[in-house]
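Should a chain be cited, it is by its letter among A, B and C, assigned in written order, with residues numbered from 1 in that chain.
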């Protein structure tokens, strides 16, 4: 006797919870064979608003020790490793072949491990002690920008998301992620991985639905500090960049072949870091005394 | 206990004028555009006048570049980039920049005097701060030219191409140095536009660049107004735009570059918090407050214009501050003893006075130094407002003048919250004797520069730039290189 | 007046912390003041009138002291209208000689006392030393504090000792030498200043001249701030005397600028400000001669006494 399969409900991820969209709407993306992938939340600007406010509440993430952030990122990799099969299945449903799907999931795990390792190291490479010509100790350290909007590429829905999001949270930012609109399954399942790891709620928030609808509210949102744009829609990117200027958001456009192992690096972390420079007087530094 | 003793009157001792000489200063009647190593007339034939804000006297006529002139300058920069500068070895590049630094040092006094004449800033500051820092900036970045591979581990570093640079009127020469030095060191060529009220030191710098033998077209200086700047920003053959100025204009530039591949850095406005705790070295903090808000007549993007004083010492600090203001000398910027010079322009003075009126209307309590101001020229006495709330307009908007707002606070968390409660994030000051508290604050303040137990310090090796609406990108130090390179 | 613990504790609590680099920056600003023309001439004359002309050597003799006293009155008769110095400063054994030499003038006689310069003697000896100097006719007494006790943290001892010497001074004005060259930090200079002021000092003074560094501008600024804070709180004026190491007119003018801008014109008289110096006078005289006559001057034309 055959058993009735339990179908998964794909919800969005905001503030560590899995709500449905406030709009109550859904959409049904289809794969290349015109098979429906599922009922996905068609998020609205209100979900963007909720996600941004959840991300803002979670900015205490930056104040955790770098070591702790590294541990949590590594934990995400562990959780993903344990659920590889599910991701492979979803990627296949979305149209990727078995081999490519396995490679993509493996690389995603490895990439998370890669950025986990950076959590307590980028500060030493990107920071500096500055030899000022006065009696002051002066140093520069990288700090998180704050809340970052991440627009994922349509293709490679898992590795694309991981490649754009991990450097952002590695640097202590929190983010609102607009998942691949056409291939959203892995994004939602990845949220479940995050949920099972020790990542505090709100650090990563993942929305599904129409980018056309969501990019504008995120680009103009006055409480978003930066945007990483990973898609390839020129018109959308330009509109986003114009709206972003209203609060001088930092906008980075990153389009690389994320399936290549080498497309991960320190400088991508730097895209969402600010440099803060601190000065303090030093008593009795040679030559700087005013002795008459 | 000793009784109040008999007070005697000492001698009233005021300082005679000590005017810096201007005899050795050579200014042309008329300045053309510096394009492709030559002085060329503006295509429109139009010139504008630049005045001394200290006495409204005429200084020189300066060419007004239009889009055609800008195009000429960008073309020259492009050709110089393609044919000469990108083929010049990094160590040779370094030597040109060193040479510029040395030539500037040799003519330091001349630069200082012209800066004071054109900008209204005191000779003490242009002599001791602006000009040496500008020279040192060239000297610092010169050395980077052949060491860039060490600045970005694991990456190949290449220049961007032609950099369009627009600078403000508050530190005319220094900002030119901040822009040009790193651009050249990283192998870019430059089209720079100084502010219309303060073009002269940039043009003097052009003379030095000419004298240095830097290949023609590597640095081009075009003078003009906002439309000249817009022509640079929008020129299709510019690869990089660097702007220092108001947040309003910065946003316009960011919008106009949207969707292009031009790299952008912005150094914009601020409303920086200067925070005094009860355990601070109070007398030095007073100096820090004075230096924070009255340095350069308050025309400083990182001015410590919002003072936060812990309530337990608020009365003491305000009394000492008023007292200290009494020894500030306001007047002719060319006098070596002047502490506060002229406001840069009539327009800026009007803006400042507008805010002072708003402050009064908002019910804040005003204290102004009683001093005689010169009859001619644009002056504003040092001003402070107490009884100010976070919601007062004068505590929110950038005034860009010698106007300080004072608020009190009770706890560390409260003051962090108030300090960060601003769209800006350029700088902050923290005064306390407790090391662990300093680091708590320096970590939590959303500002690109935090001065702890000091204020308004600058150095070529120290990165400068803001968070949030104060702009993005850093100038100075290793981090200042990023603005002018691509990594591969 | 003697201390109790709470009194000393209050002095310590009220004593502000000082950032040395910030203090040096303020000093650098005084040093950029450009004093020209009439204001320079006035400053130079003020300087002369504020000098405590000093000889404090083991080999001091009556002859040496008499000659110095003559110089104190007749700084440089070639230029008419010059002031005299404020005082001469000598060891107790020379007070009578100086007093006699100067009895027809307004020039004060100051005497160091309290086992100057080390101060390492019992209080009784110091009191006797002080009383001797006063009995000999000293108008002013320059005492040294017990730096060792200060270093040990025995602030009450330091306070009480100053108070006891003040008692012993009678009508003579008391200058308290902190010997700042031996106090490690500006914070200590400030605390010592506050202790001295509260214990009854009429003047606070930087140095004996026997220890390097002697007076410096940051140290003097710190002491001036202590005086200012005390005045703002109580309305009581305290005098200031930097001593040692001030030997050029330019530096003296910078000190005056500092006094003028920190304390104000009230302190610009020798009642409240003194320079402890031996060679400063001639440099000032040469500058005045230059200002009056034109040419740069030679030391050969100015008497050494």
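Things to note:
Rule of thumb we're sticking to: a residue touches a chain if its C-beta (ideal position, glycine included) is under 8 Å from a C-beta of that chain, and two chains touch if they have at least 3 such contacts.
Here the structure is a predicted model, which is why all the values come from computation and not from measurement.
For chain C, the chain whose average C-alpha position is most distant is A. Among the chains present, the centre nearest to the common Cα mean is that of B. More inter-chain C-beta contacts link the pair A-B than the other of A-B and A-C. Annotation: 43 Å between the Cα-based centres of chain B and chain C. If you average the CA atoms of chain A and of chain B, the two centres end up 36 Å from each other.
Centre-to-centre separation of chain A and chain C, using mean CA positions: 68 Å. Annotation for chain A: residues touching 2 or more other chains are 136, 281. Shared contact sites, meaning residues of chain C that touch two or more other chains, fall at 19, 21-22, 25. Those residues of chain B in touch with two or more other chains are numbered 453-454. Contact residues on chain B toward chain C in their complex (touch as defined above): 1-5, 7-18, 124, 128, 279-285, 287-288, 319, 327, 336-337, 433, 453-454. Contact residues of chain B toward chain A in the complex are 136, 152-155, 247, 250-252, 254-255, 257-259, 266, 268, 423, 438, 442-443, 446-454, 457, 459, 461-465, 467-472, 474, 477-479, 487. Within the complex formed with chain B, the residues of chain C that make contact are 1, 16-19, 21-23, 25-26, 32-40, 42-43, 46, 200, 225, 232, 234-237, 256, 260-262, 264-269, 271-273. Put simply, chain A touches chain C in their complex at residues 135-136, 281-284, 288-292. The touching residues of chain A, counted against chain B in their complex, run 63, 125, 128, 130-134, 136, 138, 140, 143, 145-146, 225, 234, 237-242, 244-248, 250, 265-267, 274-281.
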